[in-house]
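I've put the structures underneath this note.
Shared between the two complexes below is chain A, which pairs with chain B and chain C, respectively.
Presenting the complex of A and B:
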């Protein structure tokens, strides 16, 4: 029988380009990848097992630590699920503040993902520009919430801190600088001939393949699917007139460009929030009670779902979390990596789908 | 100590290679380590070079609460690092397990049970400046009088 596979090359778990441990096994012929499999299991902490039977006050902090990059959305989805169970009404000002913080978190996550990609394709200059820009976003996040990463800003019935008048001024000034910077970097990325050689037409995920693999978030948006954005179903985003963006190329270039465009979109959303920000209290009343619900929100990487069942004392009896990276890693390994021309492109394609191993395994 | 040795000590403390390994964290500390690369903190101005190759590293940053998937793998990674070497625990997780060290958990902290830890940086997550100052405080001791010690 003719031998079709030359070598099976494992990449990872510790790899210079990857932030987190995961192993991708590539079956190659020459340097061309025929098939790829992902091997996980280095980060399983059993967070859902710890959460079961604990009061919501503890689960709130555990939920935030499912993922350190997109901690705000985990906090937001868990708390909003609790609020839906117990019919707690959120003051309008608090709802807007949640959107502001969530969008800031999305911005820093997207900028970090794009940094990782630029670092992987060895465009270190653009990577460092982006990482420096991310620090500006982190400053704003810290100014509003009091912490850089795990801020626990959103609590049942409202938010923890109000936005002061000087914070609004500072935030507006920063947004102007950020918009200018990101537009410049988008231009560099879009027009760079070397970047195009490494990105355009590499790791293609067609629209059908994206639907088959249930890809979500920027990965799906780069393949022309935009209707699955959970922000379309969120009342505050509906008030802001949110329209998701999409591109049709489906390659590495498109995925990075979608993230750049979403950062610009987030800036516009925050500006709109600041314009419409109503006066009033930031916390309503209410105690979490018994019930069960499946609730989802849009994380930076795609749809994030929580299924929660609580008792009358507010203890979490059952919890199940579905994070976006599971679907995106699936799409990456089974569709994008197939036929990738060289092993150097394997790492960059894997990074372009922005896998978050910590929240995949929990 | 000879003049040559003291010169070596000075020069070598300005040339530190860092690798990081995530043994089950929430990703927050990883990103703060990555943020050290940013021009604002600029880890390379101190002569510290961050890459993720254990075979060239002098300092290993251990992040996370030691999940069962790293059984034996962390030790073999530690053995791959050439002498002299130190490990620094970043964040609460490798020190105590932080939030994850509860009933029904899968993690097995502290990491010092599995590999020797020279310094610890508590925080959930610690700020990039704290990580930076920990590496800088350990850096002069890594190579100090290495030939004599041997």
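Presenting the complex of A and C:
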């Protein structure tokens, strides 16, 4: 079949609105996009190859350096996979602290993604407000773990640092401010007429297309699929009564709103954790041994899975990481971008699926 | 028109606003006390147990050197990843970083080490470099330091019948000298690190 294509336009690899390099090649007629392809490979680190043959103590720190934005979940999935291999039991207090730090990390990742979208649709004021709010979350992360990005908080058999009474008070006070701020910004985003013009009905991903392209995370939740959330299979989240949220619009607006709602949900989860936080030890000990496992957890962008094979001394013999963004980029380029009306919407649609290229290429 | 002018006049003629406008200044950058920075020395005496070097996950980030004041750990800033494991591991509290030391005391956490030496018998050609280089072997049997024959079986590593054998793994200090001196990469040392937190027990 012969297609009439006016011109084929590459966007990227370096684009002022994107956080990381990737190239989207759009075939357009006029300004309407007929089809799009993505080209990756601009920032391959080869981190899985570096991990091979190293002891778990080193791989633990390498794992959280896979991605700078969602570093806690990489740490958590790797350590929990090790714990499943060698049957290490985590103290209950440590399990709750893990959830608190993981949800804080999810909050800052979602707020950064929404900043990125607001910046791309050129609503810079809301973007800057969001970045300012993100700093509060980062301050809390730093207060609990001692570092802003690569926290190194979760270790086999527990967590590194305890949450003290004054930290709990500080965290609760910050959560109140955060909730107020995020609700205000959600209102601005929901009711803004200019934002609606750029977001509503743009880049629609239907539920069938989301299933076909195996979309995960907020991208799938915005299209009405919520059952793929890996947090539903995590014992601590099950104790907290976690129910994933979903929306039915499937456009850029819905994806951003799902992230805002997840931030509010994370705040509620952290509050629930703080209420239920049991007393007791935070480190149970235990030495990782030999075995192999495929284990997955819910990163801010969707399902993150690790396949690990270790030897008796805890060295990682084989490792392979599957990150959520590869599915979301597929959904974005092959389904969302089809029929997007203008080239300005191509960048905003690509950003709304929150692609993390550092994760994807590893 | 007049109303909006009045509004702006009210907005700008406030003393607070004018002060902020004329003396715009960002708050000074302060490192918060809980930030986990590069480890620093507390001034306590280092006893040269080298546990910080064993715990460190980043290659070449820390070493312990002899200075006129005694042994001292030295941090190489470009290599250090600020994980703080050396601070947790040090039995004497020589290093500090953020509030790790404080929280170690508060949480009553204890780190224990053990080591595991794996010899790949397929690759080992029995050259004995590991047994000669091993500093623990030298302390036990002085003959080993100049490549002599082993006189006892108390050694950590011993070559017999053309293969390297690990006799007393509990004596290993995790220095990895054997691993660095093996020409065939047949010997590998792994550190098994375990931390246990016991709030009831007194320090």
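Heads up, the rule we're going with is that the second predicted complex is superposed on the first by the 359 of 362 C-alpha atoms of A that agree within 3 Å, B and C clash if a C-alpha of one lies under 4 Å from a C-alpha of the other, contacts with A are read in each partner's own complex, and residues count from 1 in each chain.
Heads up, the rule we're going with is that contacts are C-beta pairs under 8 Å (C-beta built on N, C-alpha and C of every residue); 3 or more make two chains touch, one makes a residue touch a chain.
Note that this is a predicted model, so its numbers are computed, not measured.
After superposition on chain A, the partners chain B and chain C are accommodated together without colliding. Once the two structures are overlaid, the count of chain A residues touched is higher for B than for its counterpart among chain B and chain C. Residue contacts after overlaying the shared chain place A:99 against neither chain B nor chain C.
Of the two partner chains placed by superposition, chain B and chain C are both touched by A:150.
Touch criterion met: A:161 reaches chain C, while chain B stays clear of it.
In the superposition on chain A, A:69 contacts chain B only, with no contact to chain C. In the overlay built on the shared chain, the residue A:128 is in contact with chain B alone; chain C does not reach it. Within the superposed three-chain model, A:316 lies out of touch with both chain B and chain C [touch as defined at top]. When the two complexes are overlaid on their common chain A, residue A:38 makes contact with neither chain B nor chain C.
Shared-chain residue A:61: touches chain B and chain C both. Once the two complexes are laid over each other on the shared chain, residue contacts for A:19 go to chain B alone; chain C is not touched. Remark: least CA distance from chain B to chain C after fitting both complexes onto chain A is 7 Å.
On chain A, the patch touched by chain B and the patch touched by chain C overlap at residues 61, 150.
Partner chain B is touched in their complex by these residues of chain A: 13-21, 41-47, 49-50, 52, 54, 61-62, 65-69, 71, 112, 115, 128, 131-132, 134-135, 138, 148-150, 356-359. Note for the complex: chain C touches chain A at residues 32, 34-36, 55, 57-58, 81-85, 88, 97-100, 103, 106-107, 109, 116, 118, 188, 190-199.
On the side of chain A, the complex with chain C involves touching residues 55, 57-58, 60-61, 91, 142-143, 145-147, 150, 152, 155, 157-158, 160-162, 164, 279-287, 311-315.
If you check the complex, the residues on chain B that touch chain A are 19, 21-32, 34-35, 37-40, 51-54, 64-65, 67-70, 73, 77, 98-100, 102-107, 124-125, 127.
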